[in-house]
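Listed below are the structures to be examined.
Two complexes follow with subunit A in common, the first pairing it with subunit B and the second with subunit C.
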Partner chain A sequence: MMQPQQPYTGQIFQPTQAYTPTTPQPFYGNSFEDEPPLLEELGINFDHIWQKTLTVLHPLKVADGSIMNETDLAGPMVFCLAFGATLLLAGKIQFGYVYGISAIGCLGMFCLLNLMSMTGVSFGCVASVLGYCLLPMILLSSFAVIFSLQGMVGIILTAGIIGWCSFSASKIFISALAMEGQQLLVAYPCALLYGVFALISVF
Partner chain B sequence: MATTAAPAGGARSGAGPEWGGFEENIQGGGSAVIDMENMDDTSGSSFEDMGELHQRLREEEVDADAAAAEEEDGEFLGMKGFKGQLSRQVADQMWQAGKRQASRAFSLYANIDILRPYFDVEPAQVRSRLLESMIPIKMVNFPQKIAGELYGPLMLVFTLVAILLHGMKTSDTIIREGTLMGTAIGTCFGYWLGVSSFIYFLAYLCNAQITMLQMLALLGYGLFGHCIVLFVTYNIHLHALFYVFWLLVGGLSTLRMVAVLVSRTVGPTQRLLLCGTLAALHMLFLLYLHFAYHKVVEGILDTLEGPDIPPMQRVPRDVPAALPAARLSAIVLNATAKAVAVTLQSH
Partner chain C sequence: MHPAGLAVAGTPRQPSKRRTPVSQPGMADPHQLFDDTSSAQSRGYGAQQAPGGLGYPAPSASPQAAFLADPVSNMAMAYGSSLAAQGKELVDKNIDRFIPVTKLKYYFAVDTMYVGKKLGLLFFPYLHQDWEVQYQQDTPVAPRFDINAPDLYIPAMAFITYVLVAGLALGTQDRFSPDLLGLQASSALAWLTLEVLAILLSLYLVTVNTDLTTIDLVAFLGYKYVGMIGGVLMGLLFGKIGYYLVLGWCCVSIFVFMIRTLRLKILAEAAAEGVPVRGARNQLRMYLTMAVAAAQPLLMYWLTFHLVR
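After this line comes the complex of A and B, so read on.
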């Protein structure tokens, strides 16, 4: 006897799907408009880079502790490259020394700051700060392209630039790590590190 | 026995270590084999029970691993194969293993935290300790206090490295930079760590009351005098000045260290041995640092400040102008001959 049949809602003769995508897969992409902009994906924020550069260039400007929260290594890489390029203009092919000394110097500062501060600090933050504060050293090495730095003027200028770099670096470190009253203690190792860079520029 | 235990073990729940011998057999539903081994769990001796306990735990671990492996195989061959599932699990396990190794290496970093209290200083403290390191104290009857910190000594060693590097740079070429840095760092750190260890060893032999940290701090602050002497004499090249500074400044910092050690040592022979060694090593190191790079500096000075010789010198064949008595008209002589005449006249 035929009875009125319910419409069949099963899935006979259809293979069950092993994996039903319920969320949109990243591989096959969202729509083009939903993607974040390329610079944002890469983490390069020009406004922040500019802010940090201004903080370094104005030694007396009070540093904001929160600007170092995201570690940005694009700026420091560019500055190291620019430093090497200005040295190249003076006839010194020393990219390797620049990178080696900056790596070892960052490692040393990382260990020292972790030992001296209450809260720890990440290696990326240290590398970022030290890289940004290399900017005045680029001024020194570009000056060395035209004039020799081995006279009295050169010594005074070198000392001034080293002081500027280390003062900025220590200012940012103590505002980011809340190490009040220890600015000189942080500035001195930075001064030694930038002194080695200055040695490369001068001689 | 072992082979029958395996499937029963695989079906066991986590109640293995307990005394549930009979319950296990009831729970092991997948196997029709009764495990006679577990029937003997009611024996009285606890020693045997512990042994069985351990054995069971080990078996469970092995079984769990075997079951996991079997599961993997089943999935690979079985119906719910998502192609990458095996590879994903392997990658997962590799990630776990790598993470374990990284965390073990990272816990090594925690050992650096042991040094944390030695870096807790204020700038005023460092300044006062630097100044005190040049002032020998006369009171040797009771042990003098040594500040047990490492920030000041470490910074002084790095300063010495920088001064050495500067001295090498002003007297040498640019090409050998890499080895210059290595030499400077090796010399300074080698002296600080090596001589500290050696003096600590001697102090142990002479029964002096000083710890390794205090020795490191003492010798580190003693390098302040070296830094001053080298900084001055690398820029002002006078032998007499160097010897005066060596005796005065080097001597003061050595006397300070000697006084501290004498106050912590008992017995004249021990005091003599310890303090004589330290004084000799400290003063000789300063002498070495100066003279290791002094010759090069002297050589350069001779070249730069020697007789003023013009770069290109063509001596004419007949040199009547060399004789100071001869007078020739200015038209005949050219500039070079005149320069030769002037030079020879000045001698």
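After this line comes the complex of A and C, so read on.
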């Protein structure tokens, strides 16, 4: 059952790249120069990661629905680890809770979005979006390292950051799934999820 | 629910695309161990290829072969992916047997206007006149279009919010730890299940002919969590006085709401119009409706009083 072999031309969502094979040599051939870089082969595209991060960081910028077409879990993994690391700096060793809550939260959002939208979503897409929108929460937990969040300033800051995270997440979901009139309804469960993370950071 | 035990480490999943794997970098060795059967190289070096290409070690002059270029691994990959596709199909087909997904979708067809109006109705049901659900060719209209239709979005969100608010309340009293969230969630879920089963049992015993489905019942019983959240939040802000005031108001509202909604579902047609009908059966149904409605404030108090000090 031989599959037809085609030379890999090194294109990952960027149609303009083209590889020019070097002249074949007797022993090595063009195998070494021809192969794509490791990151491209792994599917980690820094440009897209950066674009998605910028979309999260500018809550008022209109999101493009097609950026969520490729499921990319490398960025969210980094953000989860960074969140756990900043919690560690504050003396709370709770990596397990972070992972557990993000898993349960992603599962819950996945079920809810599948029930609420006309088109379904894949689990990878949900996990990817929620992971990217965790970035402002990292800011919150790094503040918690320096001063305690249990005063009035802390509460206002926490509420603001939760609002920022859930607004970005709902904006991306709405544009990717074409759900009208439901942005607040999608934002609320995201706010609950990020509220749990905030609970861990604050208390 | 013990999040501590769920140390799920997701692995970065590559986008699944078919591609020809290429050789390992840095191992360009004239005495390579594998035959290179990839066509780009093999066409150039036809004479030098050992054609026995199962990928076993054979010294030859061709360049480093790709690991997955030989037929056995290709077959394994194809088999693996078809197995995964079959598994997914199986889950999709059978999930409808356990969880009626299409029926559930009806209860989540809501939009922001509906949720806003329904929350208003839950807190102030006294002025609403028409409680009948509209039908469209024998099926009830989606909640988006009729405020009287039950939905599951509000109860689900209210339940989760209740668990989080309980965590917050315990946190302000310095009694918080993340596994308490799991404990609160399980106990609230247990009470809800108990309530649903008790009401289903009594409906069965009274032999009521009603179109009240189980999911409808879960939806109606979930509406009290909204009042509970309001009470606990007021209790956090204003102490016991605020808690009792708001909880009292919400208890009365949910009592009226439940009576007016269930009356249309459980009681016979005549009685639903407001005309008191004598007869043992209707009396029994009236008592059942009142019992269900009265159980709501009791449970609301029971599940929240330990959170407010």
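Operating definition for what follows: the second predicted complex is superposed on the first by the 173 of 203 C-alpha atoms of A that agree within 3 Å, B and C clash if a C-alpha of one lies under 4 Å from a C-alpha of the other, contacts with A are read in each partner's own complex, and residues count from 1 in each chain.
Assume contacts are C-beta pairs under 8 Å (C-beta built on N, C-alpha and C of every residue); 3 or more make two chains touch, one makes a residue touch a chain.
Keep in mind that what you see is a predicted model, and the values were worked out from it rather than measured.
Colleague: Give one of first, second, both or neither to describe whether A:199 is in contact with subunit B, with subunit C, with both, or with none.
Modeller: In the superposition, A:199 touches subunit B and subunit C alike.
Colleague: Per the overlay, which chain contacts more subunit A residues, subunit B or subunit C?
Modeller: Comparing subunit B with subunit C, the partner touching more subunit A residues is C.
Colleague: Could you tell me if A:73 is touching subunit B, subunit C, both of them or neither one (first, second, both, neither)?
Modeller: Touch partner of A:73: subunit C, not subunit B.
Colleague: Output check: A:35 vs subunit B and subunit C. Expected answer is one of first, second, both, neither. What do you get?
Modeller: Touch partner of A:35: subunit C, not subunit B.
Colleague: Taking the superposition on A as described, I'd like to know which of subunit B and subunit C A:185 touches: first, second, both or neither.
Modeller: both
Colleague: Pick one for A:115: touches subunit B only (first), subunit C only (second), both, or neither.
Modeller: It touches subunit B and subunit C both.
Colleague: Just checking: does A:92 make contact with subunit B only, subunit C only, both, or neither of them? Give me first, second, both or neither.
Modeller: Touch partner of A:92: subunit B, not subunit C.
Colleague: On subunit A, what residues does subunit B touch that subunit C touches as well?
Modeller: Residues common to the subunit A contacts of subunit C and of subunit B are 94, 97, 112, 115-116, 181-182, 184-185, 188-189, 192, 195-196, 199-200, 202-203, listed in rising order.
Colleague: Report the residues of subunit A in contact with subunit C in the complex, numbered from low to high.
Modeller: Residues in contact with subunit C: 1-8, 24, 26-32, 34-36, 38, 41-44, 70-74, 77, 94-97, 99-101, 103-104, 108, 112, 115-116, 124, 127, 180-185, 188-189, 192, 195-196, 199-200, 202-203.
Colleague: Please output the residues of subunit B touching subunit A within their complex, sorted ascending.
Modeller: Contacts found on subunit B: 80, 82, 112-113, 115-116, 119-123, 126, 151, 155, 158-159, 162, 165-166, 169-170, 174, 177-178, 181.
Colleague: Would you pull the subunit A residues touching subunit B in the complex into a rising list?
Modeller: Result: residues 18-19, 92, 94, 97, 111-112, 114-116, 181-182, 184-185, 188-189, 192, 195-196, 199-200, 202-203 of subunit A touch subunit B.
Colleague: Given the complex with subunit A, which residues does subunit C contribute to the contact?
Modeller: 1-15, 19-23, 25-26, 28, 30, 36-41, 44-45, 61-64, 69, 71, 74-75, 78, 101, 104-105, 107-113, 115, 153, 156-157, 160-161, 164, 167-168, 171, 176, 178, 181
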